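Sharing a structure, written as structure tokens. Questions coming.
In order of appearance the chains are A, B, C and D, and numbering begins at 1 in each one.
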């Protein structure tokens, strides 16, 4: 059979997000592949330059839809670095709780999204139901389900509501009790193992070649290369947690590592609530009206560990009320572009959606 | 934390100072050092850094300093073992925006360069792929992230806005009549 | 019994089969919904779907597209007419296993022709996968049924049902064979992990990719009918059919819902895994079963 | 069964449809067709297949609507893999120019009757991206929108409510966006041409 051209996306049930991969397929084998992004391109980097520092808060969570809080975190962190302010201790711990909850949310999304390429829709049904519970918690804390705008420069927007601590901890205790069920459904399922194991490899040299970070990197390199460990931000150096690592990176390893990261995140949330001091939750990073803040001149790169890897903003301030330039490093940029181009050829057509899914590619953050 | 990083930073600063006299230290933050490099030094500095442990290119970004008539390209490399980030800032002329590609050093740079070409119009010599459009389809104006491109004016010109004629009162609400 | 009466009974059987299977499909959707901890649609949802599709405008992709569809529908109706259910046989003496298999192949052929001519590469890939998978499950299934026929010394399905009433269900005669036949049935019905030829997330529902509106409605009717044929053939051959209608319905619903429920907690194989699986486990089991049968019968003599 | 009349808080989306008055005689073929249409509307309303295409960020709440917590299948709605099989096109949020091209191709592949549901303020007037260079402002210039669901992003409850409303609209025969598209095809086409230009299939490999 000769080469056939296929469009994998943008309208395709296996494609998460609005992106397209152009494939040339021979028989069942992918010969050439390239990502065609831009369907979600909104011109964020330009829009940010037209808004004030505080006004941008409404804009930034929308960069990555599946995991919005990382955007607020990098933005706030970068501004605090430029303005050289110290935020209250309590805010650090609240931020950690929020960040870990959103990480769990993103991991559950991607584990549920494993359903469509492998056909195990029951996993998705269960996962999404639990995601809804976490989003309800977010709604109680911040007032919104997806875009929270809760982590602001200078701390967090407001104090945690009364009794939310027990509500969160109760939910996660209950969730932990149910986690073996998920493990049995997904990872002990022989059909899923047949699909995932020894399939879609990511060797170490590829990690360095592409610049893959996050779970992809840790599953291949075998070292805890996690921004939370390597350059601790917030108070990640105070809490005790482990980063799952592996040296054999197939689709199964990368998926099961997400499961263990959820466990570690729950551990961090518990510790953060234990260690959380009382006190203020925010300070002003500049004097005056929040909408007329000016920041000193300076530029910095601020990065956090997202569910997919190192997520960063390069922020330039020229001393005015608006950012001069903000550049976004989407965590899945390397594997999304160069990875698809170089390493998706060679997999079977059946595995192309699985490739896209288990490499942890989030289209909105690539497109911006 | 700053103290713990000093034993990493000091040898780096000494080495860079000895090897590349034209490279200037621009900013020294906690875990982030910014150097200013000349275009002719860039490849040597990046090669040195890559061999010294900065194996990952985090990103390349571009800043349009329109008043100085310059583009600033920022190469961002990270060392995962020591946790130290190095930013190399390189100024190029805005009128004839050209830079040498670094895809022979970091393969991952390919698409960052393509993106910068699309958004700023910087031509990367040696990376022919970068001349194709990536995010935008049939773009018909100057590269959008340049400072002299006005996003709002372009939007007003290109897209039909919804005209609101609110009628306040019992029948109130915005008019949703189609034009 | 004159010919007209036979034809009438046959058409009634096809209509009954369609109504039965469409209802059971709706019930199954509810059962799967309960597995997934949700409520699910109403039991007559599939009727609404089909009616809606028949009320929709759609495009055609050439005469072969429509003709193949009619062949598929005609093949499915024709096959269903011959199916004995609970002692009712439309064409006495013609309810032969091979007859049904040949007629059922007409439906498969029609569907392959139709979707192959739609010109969509995904449909072509889907058809290729479907036919590959067909070979995969047909080999163990046919081996098994031939063993069964040689055991009962008849290929008439109603006679096999009668004989089972005397000597016990075929499950007891060939327990391993029952497992193999169930796995094959699972593949025939296209339940996971053997829904590779549909694979919505990979090849965008494969052969169905270009169908919409009336064509999809006709295809759904044909599909329900062919499911009816496959499941009732299985029930007749291995579970002793049914002396009364409720008995038959019970067995039928049990088998179909069991297969669907298993599908709900499984992932999907790749196509080469499907074929490898069928050529390993079921064929080995079938051969063991045939040897056991031969030894048993030899021992009796 | 006569439905209880109840004042609706929603303003029905007007398509400025002109109903043609037919002189009533015996039972004309047109009346027969209308009578059948009423029955058909019931089936259409209760078996809505949506296209599995997430164009923007509002799609993040759609999985919740589809799955156990809200369970869209109760209403007979299912995600479908290809446009040919689908009845509803969900424009979940903003549509960039590049998306609009795909949306138009997709919409025209769907068989009539077909319905468009737009999510969030971005589809109404550009929302938060009203001044962005890549995002168009008004969706209804290019595609006939039957229903808007408000919220950035709409909560699952709002989405379910919107779907219920769409079902009501279809059952009462008010969701006539597709007829409007056929009637004013030239107008829509000229808007589309103005925005995205001629038919153009992008090939990343330039071969």
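By definition in this document, contacts are C-beta pairs under 8 Å (C-beta built on N, C-alpha and C of every residue); 3 or more make two chains touch, one makes a residue touch a chain.
Model, not experiment: these values are computed from the prediction.
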Most centrally placed chain, judged by C-alpha centres: A
Chain centre separation in whole Å, for chain D relative to chain C (CA means): 37
Length of the line joining the C-alpha centres of chain A and chain D, rounded to whole Å: 31
Centre distance in Å when chain A and chain B are each reduced to the mean of their C-alpha atoms: 22
Between chain A and chain C, centroid-to-centroid distance (C-alpha), Å: 44
Sites on chain C at which at least two other chains make contact: 36-38, 200, 204
Multi-partner residues of chain D (at least 2 other chains): 52, 67-69, 81-83, 98, 131-135, 202
Touching two or more other chains - residue numbers and ranges from chain A: 5, 12-13, 38, 41, 43, 46-47, 50, 125-126, 129
Touch relationships between chains, expressed as pairs: A-B, A-C, A-D, B-D, C-D
Interface residues, chain C side, partner chain D - complex: 29, 33, 36-42, 45, 48-49, 51-52, 55-59, 200, 204-205, 208-213, 216
Chain D-facing residues of chain B, complex: 132, 135-138, 141, 144, 149, 151-152, 154-155, 158-162, 173, 176-179
Sites on chain D touched by chain A in the complex: 51-57, 59-61, 63-64, 66-69, 79, 81-83, 94, 96, 98-99, 102, 106, 128-129, 131-135, 152-153, 155-156, 202-205
Touch list for chain D against partner chain B, complex: 11, 13-16, 97-98, 101, 124-126, 130-138, 140-141, 191, 195-197, 200, 202, 206
Touch list for chain A against partner chain D, complex: 5, 10-13, 17-18, 22, 24, 32, 34-36, 38-44, 46-47, 50, 58-59, 62, 65-66, 109, 112, 124-126, 128-129, 131-132, 135, 145-147, 364
